[in-house]
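Handing you a structure now.
We call the chains A, B, C and D, going by the order they appear; numbering starts again at 1 in every chain.
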Amino acid sequence: MMRKAKEKPPNLAIKLAGISLKNPVMVASGTFGYGEEYAQLVDLNRLGAIVAKTITLKPRLGNDPPRIVETASGVLNSIGLQNVGIDTFINEKLPFFKEYDVPLIVSIAGETTDEYVQLAKTLQGEKITGLELNLSCPNIKYKRKLMFAQNPQATHQVVSRVRKAISLPLMVKLSPNVTDIASIAKMCEEAGADGVSLINTFTGMAIDVENRKPMLRQVTGGLSGPAIKPIALRMVYEVHKAVRIPIIGIGGIMTAGDALEFIIAGAKAVAIGTGNFVDPLIPIKVIDGIREYMVNNKIKDIKSIVGRLKCPKS
Amino acid sequence: MVQVDAKILENRELGSQRYKMALSAPQIGCQAKPGQFIHVRVSKGFLPLLRRPFSVHRVQGQKIEILYKVVGKGTEILSRKKGGEYLDILGPLGKGYQLPSATSKISDIILVAGGTGVASLLFLAESISVANPELSILVLVGAKNREELLCEGDFRRLGCRVEVATENGTRGYKGLVSELLEKCLPLSGDRPKPIVFACGPSEMLKMIGKISRKHRFPCQVSLEERLACGVGACLGCVVKTKGSTYTYKRVCKDGPVFDAGELIWE
Amino acid sequence: MMRKAKEKPPNLAIKLAGISLKNPVMVASGTFGYGEEYAQLVDLNRLGAIVAKTITLKPRLGNDPPRIVETASGVLNSIGLQNVGIDTFINEKLPFFKEYDVPLIVSIAGETTDEYVQLAKTLQGEKITGLELNLSCPNIKYKRKLMFAQNPQATHQVVSRVRKAISLPLMVKLSPNVTDIASIAKMCEEAGADGVSLINTFTGMAIDVENRKPMLRQVTGGLSGPAIKPIALRMVYEVHKAVRIPIIGIGGIMTAGDALEFIIAGAKAVAIGTGNFVDPLIPIKVIDGIREYMVNNKIKDIKSIVGRLKCPKS
Amino acid sequence: MVQVDAKILENRELGSQRYKMALSAPQIGCQAKPGQFIHVRVSKGFLPLLRRPFSVHRVQGQKIEILYKVVGKGTEILSRKKGGEYLDILGPLGKGYQLPSATSKISDIILVAGGTGVASLLFLAESISVANPELSILVLVGAKNREELLCEGDFRRLGCRVEVATENGTRGYKGLVSELLEKCLPLSGDRPKPIVFACGPSEMLKMIGKISRKHRFPCQVSLEERLACGVGACLGCVVKTKGSTYTYKRVCKDGPVFDAGELIWE
């Protein structure tokens, strides 16, 4: 197929919570380290944005191994938020991004609302593009047993307190381990979040039957990968009907087709997680594939298909 | 570290479900050091989802070799690949063995291989004998039985002394290769301590770690853990190492080779 | 390996909610019809039990097609409880089972608590072994938006009212689309259920990006198959810690190894769903595989490993 | 209906991604009727998870044949199978074509095939010509282009008259095979109405259904839907049919062949 010279290339750029992205394809927290490891393999400047591995106030050692096990079309992980802590992050990891022209979203997690606020305030002064509140890590123990993102009140409180403390663009990463994700997303919107990231991992487990032992040392872990895509997609669809703030669709994206499913279901941007492990070039292939789809389907602007699922009347 | 679509030159069964695969990957071969590995996508689809790691077994000009055993679905798929097909590989990855420097006056080298652990040790033996031809290398090769012994001839051709242990006694010493190591140690006071390099099942490495502590010789071990990314980004592959209390190091990036003394065995 | 003549074959028989099963391997509701279709391919008498396709008071036409779509290691379905209704079931389907010696558990669903009670009472007099309350079908619209099994109070009410109305063994089939399945299971136990079946399908969806249309006519459907196994297993594990009534483990079981994972996590029995479509002999292969495992591991009685996961202290 | 591990005798590419596979399955061959299908597990593992249905294309002694086009991952895997391998298949399944009874005085038979829809119609033509050799059969074969035309020669060898339609006009009538049908209909008042059997894409069947309604001739169509169980248990494969309001019938059990008149096209 020849394109006439005058046809403009399709526009993949979007605005997400006030942030300008070249394209809607990001990499998800915890699956891309702090960018350094993949920089040799992937042109970071081509990515829509990078979400850094979640950081906490103090450095965290993380969980005992084994931490990873493969399941049918999925991966269980129990990293346990191993990270260098906010100070080392700022001093040693952040400078790396100066050389790059790619939006950096920093993911933070605290055990209490105060910790979130403190982390956010510390980052407010730094050269970063936005903040993602990870309210949904299944691999750490919470005081009240439930994660923040499983509790509408706790979610509302932490989001509104962080919102008041900072002016940075603010995303909230939600958990799929809930009865009604749309109501939690609404809480985020009410509390002033600029966007929601859907979804973090599902709590799951696997057993070594020969030894009758859990495959992960922590017994349970977070399930990611293509296995969870149909559920993640449904959640994006439900949340899109419930809120107006933009959605970042996450969960099992391996191809441009997968990413487009999320966009059509209502995600303004998407993020690749486990896909980075499978093939570090997946984010780039997804960007190229979305562009090709737009050319073939005469879509001039990616925004024009966000949430445009044609549902038959029933 | 590069990602390449490498052409399979050969994929040959050595018997007992062990295969040797040769790949055309000059970009990896020219950088690879003994103990490093490649991370292989065994299927173009998504089953299995994750890549599988294999040590660089040999580098010869344009080509690199791996030596692997079929133990599950990933290696099973790999074993059915034919020459002429292409494999998506990442490499070379990880931190390999610290070679004894060519200038320092040194002691004997002992390599201890269990099962497919020989894969990385042959590359190491080759490199040492090129860099330091005067060094004498003793190789202890262990396996379940004589059929599963690997690379004995290759080591001998390099001029190494080779001793063999089989668990069922069908060749050489009857028992574990770690026991054989303890028997072979030159413990007489004035001989300099040997340097030991070991690769194999984790139980074996743990025992060798103990022996090295007891007899106080330097010892490097190459570990296996389940990997996801293979490049140090996901923190999925850690082992416990000594620190103020303890700390986790990544097998794929900080290893797979570690000083036995720095590990905390569970 | 030779077995000495005096060694007794392992005991796979269990008692489940008062029902004696030859072995712990059942077939799950909706995936085995009313037994007739598979009778030519599978020796029904070898099965631990059959759970019939859910029936309702009135016949239901079910949802518009397409109703099935395959996903990564999973299947989405939106059958919509198509069924012949209780009267035709009793008159035309039930007689078929007279020829067989296999426990029959009848699954029922109502739109209101009263309907459940009425269905249960109607079945009380029939020749059936037990009842399963399907409180968790994701494919029908509920008055209060949520399914019964997503609402602890509604669950408690329907279970206790049915419990009072009948003496048949009573299982309750729960939904995984909840924040805390253990608390729902506890409600069932308190309300007098004899067992809980975990789990029904996850609500999910898939999109045909070329046409920007949902793959299922109803947009969303229920996700089953190996993809969901790690989550189902975790739910069995959590519920096992919370209740004493027996658990039927369901979700992605394809092999004896899968079934054993559920048993070790805490399920007294398991049920095969999607696996029947993949290979109608899977239930039989699972039974044989469990027996082989028991012989190899010198396990005399299957009951002795129910819930016996060895967790390392952390 | 049986489940068998059938040996693949041959798996031959016919061009344009169409394959013909022969299987040794006497237990299925001896029961199969035209329009019935087999449900094939294309992979020993679980990817793809579900079986794939294919019409019985031909039965010859011990062997049955299927004719298929590669359209996705399942058929792609199938196309790479080699003679000598085994396939787990269920069959024969479904309700096939209602053959015109040998005694009744009857009209012309017209078979309309679109794409791989020929698969089941060749078996039908063979059966009719064995049971009722005096009947004249007209076969209309449609395809995108001449390269994709299938089985023309096979039908002629059976003594059928064959007309061809290609969408791009590279052979025969230029246009859709349903248009060709309308042109071929013997509409003169006193000739008895033909009986039409059609198999192909659903758009084509829908048009033929319309034509049959307009011209009031009996018409059987073989439908395709996504199947799960294939045996009537899961209710996943339904189509809307006429009832007091409407009712759903199962393609896998009540079909795949239906009277065009009983269907409610959406």
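The definition used in the following text is that a residue touches a chain if its C-beta (ideal position, glycine included) is under 8 Å from a C-beta of that chain, and two chains touch if they have at least 3 such contacts.
If you're wondering where the values come from, they're calculated on a predicted model, not measured in any experiment.
Visitor: What's the overlap between the neighbours of chain A and those of chain D?
Guide: Touches both chain A and chain D: B, C.
Visitor: Give the fewest steps needed to get from chain B to chain D, where each step moves from one chain to a chain it touches.
Guide: 1
Visitor: With chain centres taken as the means of their Cα atoms, state the distance from chain A to chain B in Å.
Guide: 36
Visitor: Distance-wise, how many Å sit between the C-alpha centres of chain A and chain C, to the nearest whole number?
Guide: Chain centroid spacing, chain A to chain C, equals 34 Å.
Visitor: Whole-Å distance, chain B centre to chain C centre, using C-alpha means?
Guide: Measuring from centre to centre gives 47 Å for this pair.
Visitor: At least two other chains touched by the same residue of chain A: list those residues.
Guide: Chain A, residues with two or more chain partners: 64, 72-74, 225-226.
Visitor: Going by the contact rule already set, what residues in chain D reach two or more other chains?
Guide: 46-47, in rising order.
Visitor: How would one label the connectivity among the chains shown: line, ring, star, complete, or other?
Guide: Topology of touching chains reads as a ring, each chain with two neighbours.
Visitor: Where do chains touch, given as pairs?
Guide: In this structure, the chains touch in these pairs: A-B, A-C, B-D, C-D.
Visitor: Which of the residues in chain D end up touching chain C in this complex?
Guide: Counting only chain D, the residues touching chain C are 1-3, 41, 46-51, 88, 90, 225-240, 246-248, 253.
Visitor: With touch defined as at the start, can you tell me which chain C residues reach chain A in the complex?
Guide: Per the stated touch rule, the residues are 64, 71-74, 76, 146, 150, 177-180, 202-207, 209-214, 217-220, 223, 225-231, 233-234, 237, 252, 257, 260-261, 264-265, 293, 297, 305, 308-312, 314.
Visitor: Considering only the defined contacts, which chain A positions touch chain B in the complex?
Guide: Those in contact with chain B are residues 30-33, 37-38, 40-41, 53, 61-62, 64-70, 73-75, 77, 79, 82, 225-226, 254, 274, 276-281.
Visitor: Can you tell me which positions in chain B touch chain D when the two form their complex?
Guide: For this pair, the touching residues of chain B are 45, 47, 73.
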